[in-house]
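I'd like to ask some things about the structure below.
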Amino acid sequence: MCGIVGISNCADVSFSLYYALYALQHRGQESAGIATFNGSGLCKFKGNGLVSEVFSEATLSSLSGSVGIGHVRYPTTGENRPENIQPFLFSFRGHVIAIAHNGNLVNYRDLRTKFEDKGQIFWSTSDTEIISKIITEEIRKGGTIEDAVRKCMECLKGSYSVVMMYDGDLYAFRDPHGIRPLCFGKAGDSYIICSESVAIDALAGTLERDVYPGEMIHINQDGVRSKQIAEARHRGHCVFEYIYFARADSRLDGSLVYDVRRKIGAQISDDEPVKADVVCPVPDSGTAYAVGFSEQSGIPFKECLIKNRYMGRTFIMPTQKKREQAVRIKLNPIPDHLNNRSVVLVDDSIVRGTTSRRIIETMRDAGAQEIHMRIGSPIIKAPCYLGVDMPTRTELIGSDKDVEEVRKSITATSLHYLSVSALVEAIGIPQEDLCLGCLTGCYPVEITNEVCDNRCITIVDRDFQTNLFHH
Amino acid sequence: MCGIVGISNCADVSFSLYYALYALQHRGQESAGIATFNGSGLCKFKGNGLVSEVFSEATLSSLSGSVGIGHVRYPTTGENRPENIQPFLFSFRGHVIAIAHNGNLVNYRDLRTKFEDKGQIFWSTSDTEIISKIITEEIRKGGTIEDAVRKCMECLKGSYSVVMMYDGDLYAFRDPHGIRPLCFGKAGDSYIICSESVAIDALAGTLERDVYPGEMIHINQDGVRSKQIAEARHRGHCVFEYIYFARADSRLDGSLVYDVRRKIGAQISDDEPVKADVVCPVPDSGTAYAVGFSEQSGIPFKECLIKNRYMGRTFIMPTQKKREQAVRIKLNPIPDHLNNRSVVLVDDSIVRGTTSRRIIETMRDAGAQEIHMRIGSPIIKAPCYLGVDMPTRTELIGSDKDVEEVRKSITATSLHYLSVSALVEAIGIPQEDLCLGCLTGCYPVEITNEVCDNRCITIVDRDFQTNLFHH
Amino acid sequence: MCGIVGISNCADVSFSLYYALYALQHRGQESAGIATFNGSGLCKFKGNGLVSEVFSEATLSSLSGSVGIGHVRYPTTGENRPENIQPFLFSFRGHVIAIAHNGNLVNYRDLRTKFEDKGQIFWSTSDTEIISKIITEEIRKGGTIEDAVRKCMECLKGSYSVVMMYDGDLYAFRDPHGIRPLCFGKAGDSYIICSESVAIDALAGTLERDVYPGEMIHINQDGVRSKQIAEARHRGHCVFEYIYFARADSRLDGSLVYDVRRKIGAQISDDEPVKADVVCPVPDSGTAYAVGFSEQSGIPFKECLIKNRYMGRTFIMPTQKKREQAVRIKLNPIPDHLNNRSVVLVDDSIVRGTTSRRIIETMRDAGAQEIHMRIGSPIIKAPCYLGVDMPTRTELIGSDKDVEEVRKSITATSLHYLSVSALVEAIGIPQEDLCLGCLTGCYPVEITNEVCDNRCITIVDRDFQTNLFHH
Amino acid sequence: MCGIVGISNCADVSFSLYYALYALQHRGQESAGIATFNGSGLCKFKGNGLVSEVFSEATLSSLSGSVGIGHVRYPTTGENRPENIQPFLFSFRGHVIAIAHNGNLVNYRDLRTKFEDKGQIFWSTSDTEIISKIITEEIRKGGTIEDAVRKCMECLKGSYSVVMMYDGDLYAFRDPHGIRPLCFGKAGDSYIICSESVAIDALAGTLERDVYPGEMIHINQDGVRSKQIAEARHRGHCVFEYIYFARADSRLDGSLVYDVRRKIGAQISDDEPVKADVVCPVPDSGTAYAVGFSEQSGIPFKECLIKNRYMGRTFIMPTQKKREQAVRIKLNPIPDHLNNRSVVLVDDSIVRGTTSRRIIETMRDAGAQEIHMRIGSPIIKAPCYLGVDMPTRTELIGSDKDVEEVRKSITATSLHYLSVSALVEAIGIPQEDLCLGCLTGCYPVEITNEVCDNRCITIVDRDFQTNLFHH
């Protein structure tokens, strides 16, 4: 997963990008980068680490200009190479271009071979480089950026939310299924396009709306222009963004994530009532679910696991024999809240099951009598090919185990998952417009050896109004 | 403020110290250090930054031995000099000594002059160096470490919880008022003495009890020995540890911090009932209070401010004109939870009032109609001389303003503070055994130009049992 | 200028490359890089700084394999960007390729435009990227590396000595004029191709011979193969390599540099005899010249200027008013050797004249009565377009001044330059096979607005013996 | 060994100290430090590495004031601990003091025990801390700095050249035998006291004279004051400074080092004439000797070994089996100058013999027929206790081998050492005023288990003129 942002018409744009990336940091902690256009060329700074580690006041000050893009990167492909840090920069016939991309292309290999057959060289293993090849190919043929985006929507299979600078012009587009989020807004005179609305909040701006799936937005000194390039029969918004990935205070495609989670918490209380002394979340991902569960069930909300707020990326793991204790450094159980109690433990999802089992063990060591696990998502059965770093089927505890088998494995007193239909209702988007691949094994795009409900894409080329903003 | 830890009889002691310091990181983020005794000499590693930034697997591996001490430092004195990073190491007549200290000596100046008159040189501006002078002075005169600790308790005025290595022996002592916390426990065969019980939890150990005020503990291969060196007429446990400083999952002098805070939350609901739609904490310090308030009042608990979990120590502040927006990068309000609502906003304390006012402003911008602020502590009127980094009277909003004046200043709809007596009751320790200096202006030790309720100290020299552990 | 090296069939190849680059460090101090092929993919490490600063034992150990190439870079183009650090790595249809290049392409702009017209993207501003485009273009068309090298020799104008890895095969080629040096040799079972023979010496190997201008060498497990791809009517070996750039202990195209310089020293003594007390070099570049001058003239050789051996790349310059003194930190005159003496001061060349003037001033301040400057090269009149970082005509003191004018400017008592014919004789290569561009303004390749003596290139495709080594 | 410098009355004193330390870098490459007095307190910056690596423009700019001292450190004691990096800073009764020291105290252990018996704590293992203890002891007793220096000269045994700041006053003193060098001079209005005159040259200043053995110099706004505190029956200037340690362009106690070496070169040619084709130095230490030898013998001077100028402190050594080749990376032989030749190889000294043997081997591999080794010093028989990092007797090849045995060991054709009397004559100082300990085993100060020619010290307290400068 990654976070992207583009800002235009903004004095000190590098500082605004920095604050926006801070707000998107949860989408990627491996590397961060900013590129700006200073009127004649590109300035950039990229590095491994958190936004706070990569940038200094001096480096931000060196990134001049009033338009720029930024990126935080999560190691989807597992290849931590400097060339793969985004934004990607290149020049073509005197024009300078920078691209930042969130998503995953499932036909990367095919497209790469196709381009290599034309003699193109690849510097990186990132699929962002494929996008840059398509764009320059179209420009070389005399096309515009709009033509290039159209070509992308024809060729690319998978998820892609993209922000791009072409000299001083800012462009953004989102795949026709709208798999990864992308939205835009305004702060003062500046325009912001970003993965989640929290980046607009960080700049004290106002969210305008989500970028429509298949839409392209173009911002320069003449204003903000939009065009619907392509449409899919059905959208495919990723449900895992709501379940886990997005920040609770983000609005995604119309819904506030916190409230989706709170509603789910209430729902799982109704679905499978339980008598218990206390409702306790696995922090921080289970908190909003637990708040909803407590409110609906009337069982008091009380934190029983305290999270260490200082876990660095470089935490040194204990030796094997002490590994079991390691969970306590991250999540410390409070015996006073657990001893001889019956506890509802609420989390967003179970992936491998290892962490859940360890948490339950430490809670039982701390005296808990009953631990009723409640999960804010359906059972995860299948991998993600569209940008979430999910393990393979072999590692997914839910791929070949039923609920009772999972319960035994994690040693919970009882276990309940949310149903798919309840999830869909909580999100408030029709099921056919969601990607439920990891829950059902059926994906919105064709993937080799996987089932696909064909949501075919049509090029539409429909103009929107020239000025997108109501204000 | 600082966090200290000493561990004895532990293979890979440096790794255990590292995990313990991780658990104490909230007590000091400026610098961290570890010293171990490897059988013949001291190994040490110290640096500026978080525990995760200072240490690597290689540096920890280089710190050999089975006994060691560690320290995390908060810039109490404001002097960030390498010499001031603890532990302090020195050698004397072939013995190697390391000291780590949490607290503040109010007679530092007098003692320093006294030692300089004897020809002693000072390398640092830290009061830990004073303690090292007293110790070597006593050893030179033929005394034991116990004599030296007795001398400390005679001479030192202020707060001091100390862990110390003398060659391979581990010592710890706490000032006779017990102002700063210090406790001990066991994990496997290892003994742990540390500022808060969470460090013992991190090592999957068991808290034995708090170190008594005026007690000295001595651990070596012969076992664990304790001696009550001195006693004060009354103790003076710092209430601000319960209010803000300590981790919620720590037990301090008998009370679980989380529950003290939750009880206070319930109490302030009873004291000043209010009709509102939602109870919302200022995260993270207000959370336990808000949980208690919600449970008692029946008003639903709902997070309305989402904290950015990635605020680094090196966050680059926006330029002045954008400063007002900066609070939004740290704490983002959720308009859906605030719009047209009446909100109970719960925090632990108000110091300068600036942050409270900014938070209330952003909540009102997000649509909140009424904001009823509830504070989990009495009004803070006076500075702290005993280790908490509290501002001067001029900067304290409560030093010369009454509740209504503070309310106006922070623009809350209503404002209620906890009473002193309710605080005392929630903590569960008699008022005469607490330090309420910041709330009352009356301190347990003599401080120039401040009022003191003389809680005089007596040397008692009472032996405890040789083996302190029941197990 | 740059230094390049390729090594094949060598255990611990990264360490051998490291020692070779150490020996070539004088050819470039801005950045260094190594790439190795580990049987399945490329390993690489690159960074800004000296070889000793860039690599550690850990980074070298991580570069596994038995074949690799290395590069040290001098900022010819003045663009210190990370993308420009060599070797350049890329992959194409499953093959991994790494290139390191020494030289300068004068038709870079034209070639870049040509490739951009075909839709190729450029990531760097380095002309090495052009070479990589030509190579992949030929491979795409079904050609071999040999075809690709032929294409390079057809298209590229300028100087280029290249080492290249194509998967585990090592290739090297040199432009048909042989402008920059390139030689090869053997150390144990390993093959080495490098800019100067000192890199072979560093590995205790034996120089075989120079790579012929227009020759391609190919080394893999089947042995060492050579092919004469192209020939120029005349060669164009750079004379400035002999005058200044190459190490004194290198053999270039048949001549030992030290002896070329010593012969020149003797020659300038014969050309313009002078009565003086002492012959003193400007260290270190003038030393071999001064040794020859002293031996021929009988005037004693004595160092009068001592060079500070610790001048780092990051030397902090004094403020403007003290700038004049700065030369003394680098070169300290010995008054005892200068006072009331008549001195022959010997240097290799005069470029801007500023340094010469400052040195003469400090020597005169130290008491020197007469300073007879003797220069081991003819007057430099014209810029270099073929890889030497020479200033523009405006900055070159010799471009518009005659000898007497230069003498006045640098305030020498007398001044004598070497003649072009004496230089040619000392080098021992026919004048028509040298590049004398900086001395005559007439270049071996076509350069816009400059004179060229057309030394046209023919493709010859002549095979050499399969095994190049006599041993 | 170390280099020290103090500068007074100088705007931008930190930059001047930086240039001075650059000139003294050869005296110590392990660490560097600068301390300045800014009118109210001390500023300092210290670090491991070369002067060019430790300081940046920013750190120098932060060191404000017009008086300061600096230090470069060579690891004499082998303990590379941050506390041992000089200058040493401490405060005493409101005064701030900084000390930098070159030398070695042979009664360090005794003095340390004496101070520990008085209750003093030691932070470091550096003997500079002893000096600081003596100074504060005297001040505490009501004495002046002059009294403290007198006390030092009474108590300290060994070598010590010291510069010291006491608030804004600059002090310097040198042990009564004058073992390590110390001189002073002027540059503009600034006063400079430093280990070698090259530091004064670097600031374009004028050497006034050496600090007399036993003299103390005191510089403040009232001028420059001198006092002869103590005198020894005989001086003991270290001969190894002339042989190897000092820079060739320094004047030490009246003699230019380069000329001492050149005279020695001529002398060894006269002592043991040899027929040979070429005189070749081991660079750089043998160069001045070889120049003298060549001039006297008429055998041409020609470099046959080229030194790599880029050997960093962090050079990574080859694996054991390639260790033998390593010398070639540092010193590359030129076969053209050696093949079938008879060579006089000149070096300053032989310590362990290992390097000499390896050099001779590579020269012979390069074809040399006869290698006549000539050494510019007598045979080194005994260790140094007075500041030169000389190995123990066991490691010294000359401690138990005669000349013929050494010759065999290093495989030279012939070998000749300088005689002690010739060395004394070349230096130009009476033998009884030199320290010849490493050559004779007889030292000017008492050392346990070694012979001493008692050169007893008397306190004289003789005032010199108030203003030391003639200008």
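Labels A, B, C and D are assigned to the chains in the order they are written; within every chain, residues are numbered from 1.
Keep in mind that, in the parts below, a contact is a pair of C-beta atoms (placed from the backbone, for glycine too) under 8 Å apart; a residue touches a chain by one contact, two chains touch by 3 or more.
All figures in this text were calculated on a predicted structure; none of them were measured in a lab.
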Inset, instruction - Compute the shortest path length in steps from chain B to chain C over the network of touching chains. - result: 2
Inset, instruction - Going by C-alpha centroids, which chain is farthest from chain C? Tell me that one. - result: B
Legend entry - chain A and chain C: spacing of chain centres that average the CA atoms, whole Å: 51
Inset, instruction - Please work out the Cα centroid separation of chain C and chain D, and write it as a whole number of Å. - result: 37
Inset, instruction - Averaged over CA atoms, how far is the centre of chain A from the centre of chain D? Could you give it in whole Å? - result: 63
Legend entry - Residue numbers of chain A (touch at least two other chains): none
Inset, instruction - Sort the chain contact graph into one of these: line, ring, star, complete or other. - result: ring
Legend entry - All chain pairs that touch each other: A-B, A-C, B-D, C-D
Legend entry - Residues of chain D defined as touching chain C within the complex: 12, 15, 18-19, 22-23, 25-26, 29, 50-53, 55-57, 60, 198, 201-204, 247-249, 256, 258-259, 262, 284, 287-288, 291, 294-295, 300-303, 306, 308-316, 318-319, 325, 328-329, 332-334, 336-337
Legend entry - chain C-touching residues of chain A, taken from the complex the two chains share: 82, 89-93, 113, 116-123, 132-133, 136-137, 140-141
